[in-house]
Every structure is written in C-alpha cells, then in structure tokens.
Amino acid sequence: MSRPLQVTVWNEAVHEASGRPASMATDYPDGIHGAIADGLRELLPQAQVRTAVLADPEHGLTEEVLAGTDVLLWWGHVAHDQVSDEVVERVHRHVLGGMGLLVLHSGHFSKIFIKLLGSTCSLMWRNEAERELVWTVNPTHPIAAGLPHPIVIPHQEMYGELFDIPEPDDLIFISSFAGGEVFRSGVTFHRGRGRIFYFSPGDQEYPVYQQPEIRRVLANGVEWAAQPDVPRVAPAVDHPPREWFA
Amino acid sequence: MSRPLQVTVWNEAVHEASGRPASMATDYPDGIHGAIADGLRELLPQAQVRTAVLADPEHGLTEEVLAGTDVLLWWGHVAHDQVSDEVVERVHRHVLGGMGLLVLHSGHFSKIFIKLLGSTCSLMWRNEAERELVWTVNPTHPIAAGLPHPIVIPHQEMYGELFDIPEPDDLIFISSFAGGEVFRSGVTFHRGRGRIFYFSPGDQEYPVYQQPEIRRVLANGVEWAAQPDVPRVAPAVDHPPREWFA
Amino acid sequence: MSRPLQVTVWNEAVHEASGRPASMATDYPDGIHGAIADGLRELLPQAQVRTAVLADPEHGLTEEVLAGTDVLLWWGHVAHDQVSDEVVERVHRHVLGGMGLLVLHSGHFSKIFIKLLGSTCSLMWRNEAERELVWTVNPTHPIAAGLPHPIVIPHQEMYGELFDIPEPDDLIFISSFAGGEVFRSGVTFHRGRGRIFYFSPGDQEYPVYQQPEIRRVLANGVEWAAQPDVPRVAPAVDHPPREWFA
Amino acid sequence: MSRPLQVTVWNEAVHEASGRPASMATDYPDGIHGAIADGLRELLPQAQVRTAVLADPEHGLTEEVLAGTDVLLWWGHVAHDQVSDEVVERVHRHVLGGMGLLVLHSGHFSKIFIKLLGSTCSLMWRNEAERELVWTVNPTHPIAAGLPHPIVIPHQEMYGELFDIPEPDDLIFISSFAGGEVFRSGVTFHRGRGRIFYFSPGDQEYPVYQQPEIRRVLANGVEWAAQPDVPRVAPAVDHPPREWFA
C-alpha cells in the first residue's frame, strides 16, 4: 500500500470559540485540532491531515469524509451532548469496518468512546497543574517507539484510577502524578475490524500537544491504528451451507 | 454472605406464544425460561429463581426487580427490537453496578449485549440439527467445574466464527460442529462492576436446556456472575483534593 | 469442600539468621515468615498455616509437604541461588498440578517465578524508604476485597517499571512511589492448573507485613489461589481414538 | 529499516536422516527445513533465509548465527532431549532480547517453548490423516492477512484441546478436525522484548508445508515477529536515584 494515509483530526472547538481559558490564545493559537494536526504533519509528512469541528455541517464527519479517513482523532470536553447521535452511529460503523480511532484526554466521556466500550468510562480527576510522568510498560509496542522513559509533562490535569474501562487489549503507558495518583494513560482496544487507542495526556489549559514526545505518541498511534488495506466493511452475518468448504 | 441468591430468567417468550416451532410443546412445555429456571432450581436449591417475559409490564424488569436480582439470564431471538430502550438502559446500569448477566444463544444480537460489547456481535450460522461438541479450554475456571470433555449435544443449530466480539476476558469453551465449523461458545467479559457470561448452546428447536451438562454450565455461570456483596453502584467520577490520602 | 485450607509460608530466612538489617529484630521478631503466618492465622482462622525455610532439610518443601499444601507463599531475596533445582522442579510440578503460589516482593527473582513466567522478571528499584501508594484497578477482583483506595505504605523500597513479565492475566494493583515511579504491584498468572499471584509490597527493612491492609491482601490472595477441589495432577498428553466421544 | 530480514529455519532433521516415514522422500525431498525455507524465499524475496539442523556444530545456532537472526523457526519432534541446554539458554536469551521465534507443530514439546511458557505444553493427539480446518478468529491480525476462511488441510495429524499453555496474547486461529476435536492452532506470546508465534499445522507425514496457504501463514508470522530495529538486549535491572527524571 503506497497511497498517503488520510487522517482527520476532530475537535469540538468550543474552548477555542469561547476564548476560555485565556491561555488558549498562546498555547493553541490554531486550536487544539490545529496543534495536533501540525504535529502529525511534522512527523508523518507523507500523510494527508485535515481537521473538522463540531460547528461544521454534520460536524464535518460526513459519510464521504469518514469513507476517506484511515484514522480519526477525537478531542471533546464540554460539548459531548451536542454531538448528534446520527454522526456517532456513522463513526461507530466506520470504526467497526476498520477505521482507526484515537480518543484523547476528556474524550473518555465522548458518546463514541462509551458506545464502543460499553462501560461508564468514568475516572478520578483534579486540575492543579501538577507534573505527570508517563511510563512505558510495553516497550516493543509500536506506539511506544522512540520515547523517553518516562515522558515528563510539567503541568497537567490529574486523571486517576479507577478508570472504568473494559480490560484493554494492550496496556502501553501508566502515568503517575505529583499528588500520587496513577492512571492507565495509554490503552488499546479492538472493536470489529477497527483499532482504538486512548491516550490521556493533553488538556485545554496546558500546551501538552506542543510537546515533541506527545506528538510522537500521536504519530505512532496513527500509524498503528491505520489499516489502509482493510476494506471498510464491518463483520456481518454469514450463512453457509453444510460442508460448504468441501 | 448467607442470603439466598436472587436469579431472574428473562425470555422474550415469542416462540412459546406462537406455538412455533411445534416441537416447543414437548421440548419446552413450560417455555424456555421455565426449563432454564427448573435447571437452576434443581442445581442451586438455595437460590430464589423467578422468570420474566417481554409481554410483562416493563418486560418484567422494573427497577425493583433488577435491584433485587443478583444474576439475570437473557434469552431472545425474534423480538430484540421490541425490547424498550428504557429497559435496556436500566439493565445496562445494573450490570455496570454489579449485577451478573448470562446472555444465551441468539441473545448475541440482543440490544443489551451489543450495548455492553460495542461491536456487531454477528456470527455465522446454519440450522441443520447437527452435532455440537463443547470443549473446555480453561479447565480450572469455575464455570467449567464438573463437566465432561467434551459435552456432546446431539442436535443443535450451528454457530460459527467469525464471532464479532471484543477479545473475551476468559475463553472457557470452544465448540465444533459436524459441518466442521468452530465457535467460541463460552466467553466472559467484565463491564463496570458486572460480570457477563455468554454461552451459545441452546435453541428453540432442540431440547438443549433439558440436558444435564448444559444445566450445570448455567448453574456454574450463575454462581460465577453473582456478587451479592458488591453494593449495586456503578463506578463514578471522583474528584479528590491533592494529597487527599495524606 | 469443608476441610481447612493448608497454607505453607516459605522464607529463605537469611536476613533473620544474620540479624541484618538490625531493624528485623523489632519489625519481624518471628521472622518475615512468622509475620506473614500470623497475619494469615488472624484473618483466615479456619486455615492451617505452617512455615518452612531454606535451612530445613529439602528446604522444608518435601513431596509430602507440597502434596498437603493448597497455597504456598514464597519470600526470598539474597539466597535465590541456594534453592536446589530439585526443589524448584518439585514446586513447579505442584503449581502446574493446581497448588496456588503467592510470590512476594524480591521473590520476583526466585527460580520458581522465572521458571513459571519465562522472562527475566527484572525491574527498576531504589531503596530510600519512600511512600508507596497501592491503587486498585480491578475493584471486583476477590483479591481487592475490603481494601482502601489507595493503601498507603509509609516507608518502602521502590520497585518501578519496566517490570519484565508476560502480560498478566489480571492486573489488580498499580503502585506509585514518592519519587514518581509506577509499578504493576499486584498481578496474576495461570500456569497449568495453578493460580499464581505476585504482590510486591513487603521488604526486610520495613514492617510492611505487619500492616493490616497488606495482611488483608495476602489473605485474599490465599483464598483466591486455593483450589482444594482440584486433583493435584498437571495436564498431560491424551491420545484418544477417532470419534472417541461418539 | 531497509536491510533484508535475516531468517533461520531450524530442524532437528532426524526423520530426514532416518528416511522414515518413507513419504518424506516425496513430500520433503529437501527436508522439512528445506520446504519451509523455500516457502519463505518465495513469499519474502527480500529476506535472507538459511537453515540449521541438530547435527550441525552447536546445532547450527552459535552466538554469531543468533545475533544475526531476526526470526528463528523451530521444528522438532523425536529429538527434543538431544538439544543441548547451552543452546537452549542461548536461544532463550536472544528471544528475550528481541529475536522473533516461530514454534511449529510438535515443537510444542521443545525445551525452548516450555522454557518460555512455563507450563507442560501438553495436548491431545491422534494420527489418522484426517482433515483439518483452520479458522481465523482475529481477522485483522497481520498473521491472518490474505488467507481463506477456513484453510483446508486434507490430511493432518489431529492436535486437540486441552492445549496446556498460558493464556495467549493473541488467539488467531482455531482448528477443527474430522473427528470433532478443536485446537488453538495459531497463538502468540510476548516474552521480554521477543515475539513468539506457535502454529500447529505441519507434520512429517503430510506435505502441509508445501501448501500455499500454510506458507502464507509462516511468511506472515516471520514479518510479524521480526523487530529489526530493536537492539538485541533483554530488559535488565535498573537502579535510578530518587527523582532521577527531574
């Protein structure tokens, strides 16, 4: 397969529109989606990266866009409820058919993540700008390639256990916070033919997505989740005659 | 914990109401739910077993019934769409809070199973009354206790791979069929605080739920899924102060 | 099954014999094995708990002792090499046959643990008496019953990732340390018919095994690993005739 | 990474030397290792494939050979005991350091497989030239790419459950046999930095390794297990100062 990877970065972009927090103006002058897209373009120069936001028609996630997307990244926080169920169904169908999905930070409470995982996806949190250390516990996983051990994030919102998710297929990263909490901060799941990677570091109040190591994780995640050779068809019922293989 | 286990056997009971297939009259004179409940009463004499069906008000699954249920068994086939979304939400909430759930046979396409697993749950099937052999691949799992290897089911509908489910937490049984297909016929999942066991043998056309070994599997499954000491509360967001444990 | 559980606590007991560190005299007046055994007797009054040490004939682990042991606990640190290969083979055979095994702290480098897991079992460590927090990430696992979240251990040796073990069957506890490291501190494995639980807190320099929450973990672990109804026979080659089940 | 993959196919080559079974002369004129190597050369033309046998000095697996091997394939049957422990230790060390390992058919009883997995690796078997069907249960795993569902092997030795292995990291294939048995015929494990793939089809009495679909599985397995960019170093103890990352 030699065509360029097609990547879509989705952001609710509500913090951007409201101008709050004020630090967004300096941390994310092009929006969180802009920063994430920049990082991917830098590290995956062969990929074609576009962005889409909640305010776009159909949230920018039409059938055509999804059909042409190898990997979708999802950032949402305060507007999960405003995402239409129809678009969620559409994204779900594409994930089951083979589209990769990276769910980021507060996206743990997005409709699409909960629909794919089936649990509450709740967690413990506290926002006091504390240091997060991201430790690799699966060092030969492709998503962990080229990273320091640990990644040091100077200021970040704390996400702590219990993270109410099904047992992950791969546990790649565990974070600790200055306050002492731990969090399974990088985990993968498979649903249908699709690959899903959840990665918690990244927040509207801190310039985490500008940090080179975090950009490396996201680029690795995109490469891992992409399956350009898988036909975009979800598993379906089959009804063979007896001894059909004979 | 010494109170008796509370078990609710749910059946859509549409085959029973329609009298089709005609073999139901002899195979399941008290309905599929009646046969399953009889088996549980026989093997778990200390348990209190009741039944509920689609036609009951609120499908017989009121908040009060679920709050008083340690383990719910679910059999459905032709009427999945008639189960109200409100009841599915309620069952889902109780599973995440700790209620056990056994999903049986064609229940793989029930709303509740799909909502918990997040994939299509589709499979391959063929109904030609062929022999199914159920092999244990996890011999010290409590659900496998006291079973022959294999269980021989003389006549059964074939369910074959690909079974489109997430990777199970435990793979306990693999079946083969006379036609040569295989199926992961006994698998477990955890969602929230709840334990889920899917078991495929059992069909409206064959008296599988009258077979002693199958009854043993269901009784083992009920005992495994029951968590009478877990308070019925799903994991929820927690928001601790920094160094709250100090 | 109503006979009492048979538990054997094994300790190399070299620190005890040498009187080093001096704190052993006050922290563990009856030895580490004595403290562990006391905790089990307190919380599992129905169990019969004995101890065995390296200096005993056959290290106290004769065929007869192992055949009469439901769960073996293993503490070793500086004398792994002095454990005879013959005894290790014997313990290995009993684990595969169904004996439970709890491997504690520096036992990660014991011959028996490495033989069962197949990897180096190496880790990162530092001994500066720092605070360890033990977080539960699998709250309905029997080993996590009745514990605070987190368990706070005031002073402990740091064990950190990368812990070079196979992917655990269950990940129950993750610890953080004052220095910022994390560790998968409570993990389970199955080998043959046996259940294995590794738990890292506990060290010769700190009175961790006197702490009530840690004693609760070990008692829970013993109850989880015990399979008194499993005949002590490892899986073996079977050679059936064709259609042997017909 | 653009250097060619380095692959070593190891065979005890005792059937070849003894001329028994006589069918070897037509099924495997260049030996089982020869047939496997031919298949890899055909499907992975960029790889450099060599062979080694038990009778070679150091079984052909010197430190130099292993250091230059990305993936080792292992076929053994009647001479497991003749493999020297020193060579097994060497192979083990390289696997933990990142060398890929494919263990084939009766290699389930090889010293290296048992050393890596820690269980008996026993199974059920019967040799009556019966049909094996190999079903894919993980359709987007790289090892399953480009395969029919099922693969039909006309004549094969039966391997059946219980296969006494630890829970695999990935379950890719499940086989059924004409006699009705099932077997987890394609499974993966990780140990240290190494990737391990066990694949059961293939026997000295049947020309299974000449079958195109089987060759495809082995080629896929080699590509999956190869990690040419991983430095050949097993995880080891690290001993950081406190706050070493600050």
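Note that the chains take the letters A, B, C and D in the order they are written out, and that residue 1 is the start of every chain.
Just so we're on the same page, a residue touches a chain if its C-beta (ideal position, glycine included) is under 8 Å from a C-beta of that chain, and two chains touch if they have at least 3 such contacts.
Keep in mind that this is a model prediction, so the values were computed, not measured.
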item: If a chain touches subunit A and subunit D alike, it appears here; value: B, C
item: Intersection of contact partners for subunit A and subunit B; value: C, D
item: Gap in Å, rounded to a whole number, between the CA centres of subunit D and subunit C; value: 33
item: Distance between the centres, which are taken as Cα means, of subunit D and subunit B, whole angstrom; value: 38
item: Multi-chain contact residues (two or more partners), subunit A; value: 133, 139, 150, 160, 162, 167, 178, 180-181, 190, 235, 245
item: Partner subunit C, residues of subunit B touching it in the complex; value: 98, 133, 139-140, 145, 150, 152, 190, 193, 195, 227, 229-230, 235, 245
item: In the complex with subunit A, residue positions of subunit B that touch it; value: 96, 115-120, 122-126, 128, 130, 158, 160, 162, 164, 166-167, 169, 178-181, 189-192, 234-245
item: Subunit C residues within the subunit A interface of the complex; value: 131, 133, 135-137, 139, 149-150, 160-163, 167, 171, 174-178, 180-182, 184
